[in-house]
Amino acid sequence: MTEENIITFDHVSKEFTRADSKEKLQVLKNINLKIHKGSIFGIIGYSGAGKSTLIRCINGIELPDTGKVDFEDIEINHMPKKQLRETRKEMGMIFQQFNLMPSRTVFENVALPIKYSKQSQQQIKDKVLELLKIVGLPDKADAFPSTLSGGQKQRVAIARALVNDPKVLLCDEATSALDPQTTEDIIQLLRRLNHELDITIVVVTHEMQVIEELCDDVAVLDKGKIVEQGDVYSVFVDPKTPLTKKFIATTSKLNLPDEVLNSNLLKLHDNDLLVKVTYISSKAIEPLISAISRKFNVDANIIVGDIKILRGKPLGGLVIILSGKQSDVSGALSYIKEKQVRTEVLASA
Amino acid sequence: MTEENIITFDHVSKEFTRADSKEKLQVLKNINLKIHKGSIFGIIGYSGAGKSTLIRCINGIELPDTGKVDFEDIEINHMPKKQLRETRKEMGMIFQQFNLMPSRTVFENVALPIKYSKQSQQQIKDKVLELLKIVGLPDKADAFPSTLSGGQKQRVAIARALVNDPKVLLCDEATSALDPQTTEDIIQLLRRLNHELDITIVVVTHEMQVIEELCDDVAVLDKGKIVEQGDVYSVFVDPKTPLTKKFIATTSKLNLPDEVLNSNLLKLHDNDLLVKVTYISSKAIEPLISAISRKFNVDANIIVGDIKILRGKPLGGLVIILSGKQSDVSGALSYIKEKQVRTEVLASA
Amino acid sequence: MLSKLFPNVALNYNIFQNSIVQTVEMLIITGIISFLISLIIGVLLVVTKKDGIASNPVVWNILDKIINLFRSIPFIILIAALIPLTRVLSGTAIGVKGTIFPLIVGIVPFFSRQIESALNDLDQGLIESGQVMGLSTFQIIKSIYLKESISNISRVTTITFISLIGLTAIVGVVGGGGIGDFAIQYGFQQNEQDATFACIIVLLVIVTIVQIIGTLVSRKTTH
Amino acid sequence: MLSKLFPNVALNYNIFQNSIVQTVEMLIITGIISFLISLIIGVLLVVTKKDGIASNPVVWNILDKIINLFRSIPFIILIAALIPLTRVLSGTAIGVKGTIFPLIVGIVPFFSRQIESALNDLDQGLIESGQVMGLSTFQIIKSIYLKESISNISRVTTITFISLIGLTAIVGVVGGGGIGDFAIQYGFQQNEQDATFACIIVLLVIVTIVQIIGTLVSRKTTH
Amino acid sequence: GVLSGCGKSSNAAATKTVKVGVVGTTDNSIWAQVNKNLKSEHIHVKLVPFTDGILANQAMNNKELDMVAFQNRAFLENEEKTKHYKFSVIAQTYLTPMNIFSDKIKSIKDLKQGDKISIPNNVTNAGRALKVLEQAGLIKLDPKAGDTPSTSDITENKLKLKIVQQDPAKIMNLLPDVAAGITNSNFVKVAKKDPINDAIYKESFSYSNPANKPWINVIAVRSSDKNNATYKKIVKAYQTKSVTQIYKAKFNHMYTPAFKTNN
């Protein structure tokens, strides 16, 4: 990953006229984006937010009404047709619905983008088989798509998108049709491609898990507007907008449902406090619970835990019951706060 | 929930002949199941495992080759057509693709199953509007499905499935087409219906999260066979088969990728041990970390945490680095084991 | 102006006018009746097919074979062969009344196939959801197959009507009249070019109207 | 046996045999040529439509209107009107050679519409994936539209061939001959029932063969 | 070329093939006899059957046919007039009667007010049928209309008869639907009725009667070919006793020869 931008959006807006009602719909509103060469860039938003429209502006399948989209500093939206086609070959794209050609074998599907190139049959063959190896389907060359599972289909689609040696891979909901296990596999594959082939990846999704596990940077799209963007860790550790918070909440277990809050399990005694502690910076991990247990002689009973390592830094937190003498408990609480950890008292006895 | 069974599968098998190859495919193999009245029963398995076929045997859309399926102790597979239709009215069904009638409004969609019943127009109207209120769409009665979001469509489908006051609600991948937030909403709705209307729900899914958050009991289907079944907590806390473990792993963060294991963050010093501790029974939660910190004067640094409350019982565990004197560390370790918590040393210095 | 551009049409203006009326009559009556019959046959083909909701290979095969048989008979031969039956059914085998029955027999096989393919286009999931609701076969046909296919049905009905207009040009054989026959009598036999053009214009207008109605119905019923 | 069941056919056995040859000739030649032309027009309709990959409302509208115009002309009128052009193109306006051109003009509008709808049935996502690969319009047409629609195209070709068989029965007016004309000459004009039956059987056999081939192609190309 | 040589074998002289446009198959046996008669002349008549005479005439005008033999003078003249053809009659062949038939009534006297009468749906035969009705005293026609009047030329129709035009081949089949019908004799014969004896009204019938001249069938060629020697040989081979014998044998009194046999 460098600081060089491979794709930039400069004040891009676009509206559609609905076929039935003639109503105008502002789908993209003044989008500004910079995507670093070699990075994995995620775009998240609800259905209808304009994610597909945005990613389709990158390879010129949609053209902005105003503003411009640059690819390697050349404007996409005013390219002559032939140049646009050549540029598209530098960007592979994969879709939620795979879009494999049902009447072609896996080999033919992957070979299709270079079918009309100047490469020899042997070159094409070598290239396709190599790619099938990379995506983990070396033995499926002669299978038809209808005989493949969803994950296998997406691998074929990825191989096909890579056959022109693109600089960018555009993924529009590439994992939304897949089950979680298969999603995991595809995410691993994309990360490997990013590392090994140094390919820039743009990912559109509505699944926060995909952003979390795959992306370096993220932009949150809401009704055509980018409401938040930044590197994934910063956004996750300190989301600014309600929408982003909501998305992040879907990956966190720290929000206890009332049912749990009111259960016997969480009965508080005496001076007990129910406290949520969460990381707010990526400072080195310290044995906080051990420290307060000894220093203040309090018991910290972990009710819910949700701490993970994101990009090498800890993220998440715990919900604990602090018990002990009142002074000890409040001492422990302020000790924790000093350590740059956010605390929130959810309930007290 | 009672111990009375509303649906039982008794040695049910079914095979299909593939249209193209004339090959026979054993889709269900000797299935035995008992579904308690009032419970939420989950069936999980990979694509093609036979989940849809299984759930479709319940309302007689598919008929088993051998064995029998009983609904309230009456065999489904040999019912006369008319009785079967009446029985189907006691079971609502919702699908991944919603299957709403595009040419009918939301009201008309929900009213369709009782359109030909003896109820008066007013009764139908009251019923439909009440259900739209229950599913949270009181103001969408006159909208057409094409104008609704995925979650709203599924709510309409649920209302439609409830309009005959069924005893059972069958859900075939009811949330697979929805984003995680909307999935969450639909899960909440289904739980509410189960509680408030005392309706038995059978859920087919490939998402472990759905099982975890929604179901009382679960059966794991693999290539037409049930490989594991039981109440959700027992299965989650102690999965027996590799497939079940794999499914559960998708909901857990405790399996650290090599990338994290080898990172600086986890550099171990002196006598440090990297230990995974997981609950293996639903015993009351104790402040284990505090206890060992004080008792053995060790530091327990929580690297990854994944503890949640499932059905009022704790589930999951922590990955910690234990530091201290060697004897203290091993003392702490055996103390933890005594508390009926499973420990696994992942790495030592 | 008419007499200048279309002198021969002006000369036989009454007959021309009458031909238009006859064509419209034939189209409307035949159209309605064959629509209903084809709807029934089309539905039968769809529900009795393998995997249909009332699968019945015997019925399906008989219908399938009969349709092929009738599609194989040239229309002019069909008209002639049907004369005795037409007389029994319509009271007469001549004139507009005598053309209705052969036109129906001529168009129904094609129409039924079109309806069949329109209904088969319907999402199978909708049918299945009708089954799980406990609807009867008849209720599924009425409330799902037909109701949800209106747009498709109107599209194939347009195609069929245009083919039907082609058939009405042949009914001159039994004195059916109509605009196609007018074109043959005056344009073709008498070499009156203006008559040919006038007829083509009228037919084009009818085709266009049929198409506009079809598109309109289809649009109104698509949500 | 033939002379017993079909005495009049036996009497004119050479002509009958010849008619079959003529029909097959007409079907094959017209079929191939109109298939190619309709494929081109159908493709043009699909790519030039609004939102098509080479959207061009002018071309689309012209094609659309011309097709409607030609579909409005009764076939017999069309044959007569085309005679001068037929002569220029085929060297003669009579006999089998003289029927090819009018048959093509008669069937292409219908055929093009059928091809259009076959191509429109294709999943839009496949076209889009061709675009993102950087394929040219021509490459998308060849490698995606046509290649992926083979099964659909073969289905509509079957339908069209059966309609074409119907048209060949009318070419007797230019001495085109063929089995339909045999039926008209002997069955219709001479009232020889056996001739009519023999012709229908032959046509039914042809229809069935066409349908079997269509189904076969469609099945072979579906994976 | 007008005449296409079609060498049959090396020993004989080349046989000249003459393409003759006909409508229908009725006269096939007659032309078979003519071909027999022509064998020694090395001439072969090849019939080109049409379902409609109009396009046969057009084909001859375009030199795709050498000769046409299906129409009567009235049809020919109407065609020459409307299409500006330059054709010549090189022979008369036969005259067939056009009579009135009915399944319902025994005599035209039984016709009632408003009855339907079927007539052919092509111009000349319709005209001839109207002339027959006039002859029978059922209607009056505008004299200016000539040999081929149409229904709009009816000046008087006391019984208010409804004239229905149909395909002449099917008029006999459609008799049950009308009071009476008029059609060409060959179609009467096809319907297994006698064209003369079964008629409820017979037109006056003799080829020497000038009133019947327009209805005499002829062989026509392009005017430029009227002196063609080959065609003359064909006419000669046609106007023979062998042909009149076939008239008699096959068509009984339906075909009256309209020529004097030359041997």
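Labels A, B, C, D and E are assigned to the chains in the order they are written; within every chain, residues are numbered from 1.
As a convention for this text, contacts are C-beta pairs under 8 Å (C-beta built on N, C-alpha and C of every residue); 3 or more make two chains touch, one makes a residue touch a chain.
These figures come from a predicted structure and were not determined experimentally.
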item: Graph separation of chain A and chain C (steps between touching chains); value: 2
item: Intersection of contact partners for chain A and chain E; value: D
item: Minimal step count in the chain contact network, chain D to chain E; value: 1
item: Top chain pair, ranked by number of contacting C-beta pairs; value: A-B
item: Distance between the centres, which are taken as Cα means, of chain D and chain C, whole angstrom; value: 20
item: For chain A paired with chain B, centre-to-centre distance based on mean C-alpha positions, whole Å; value: 25
item: Inter-chain centre distance, chain C versus chain E - centres from mean C-alpha coordinates, in Å; value: 37
item: Centre distance in Å when chain A and chain D are each reduced to the mean of their C-alpha atoms; value: 53
item: Of all residues in chain C, the ones touching two or more other chains; value: 80, 188
item: Overlap residues in chain A, where contacts from two or more other chains coincide; value: none
item: Residues of chain E engaged with two or more neighbouring chains; value: 54, 169-170, 173
item: Chain-to-chain touches, reported pairwise for every pair that qualifies; value: A-B, A-D, B-C, C-D, C-E, D-E
item: Residue ranges of chain A touching chain D (in the complex, touch as defined); value: 59, 61, 85-89, 91-93, 95, 97, 99, 101-104, 112-113, 115-116, 144-146, 160, 164, 170
item: Residues of chain C defined as touching chain D within the complex; value: 68-69, 71-77, 80-81, 110, 113, 159, 162-163, 165-166, 169-170, 180, 183-184, 187-188, 196, 199-200, 203-204, 206-208, 211
item: Residues of chain B that touch chain A when the two form their complex; value: 46-48, 149-150, 179-181, 184, 206-209, 246-247, 250, 253, 256, 260, 263-265, 284-291, 293-294, 297-309, 312-314, 316, 318, 321, 323
item: Contacting residues of chain C [partner chain B, same complex]; value: 123, 125-126, 128-129, 131-136, 139, 143-144, 147-148, 150-151, 221-223
item: Touching residues on chain C, where the partner in the complex is chain E; value: 12, 15, 80, 83, 87, 92-95, 98, 172-175, 181, 185, 188-191
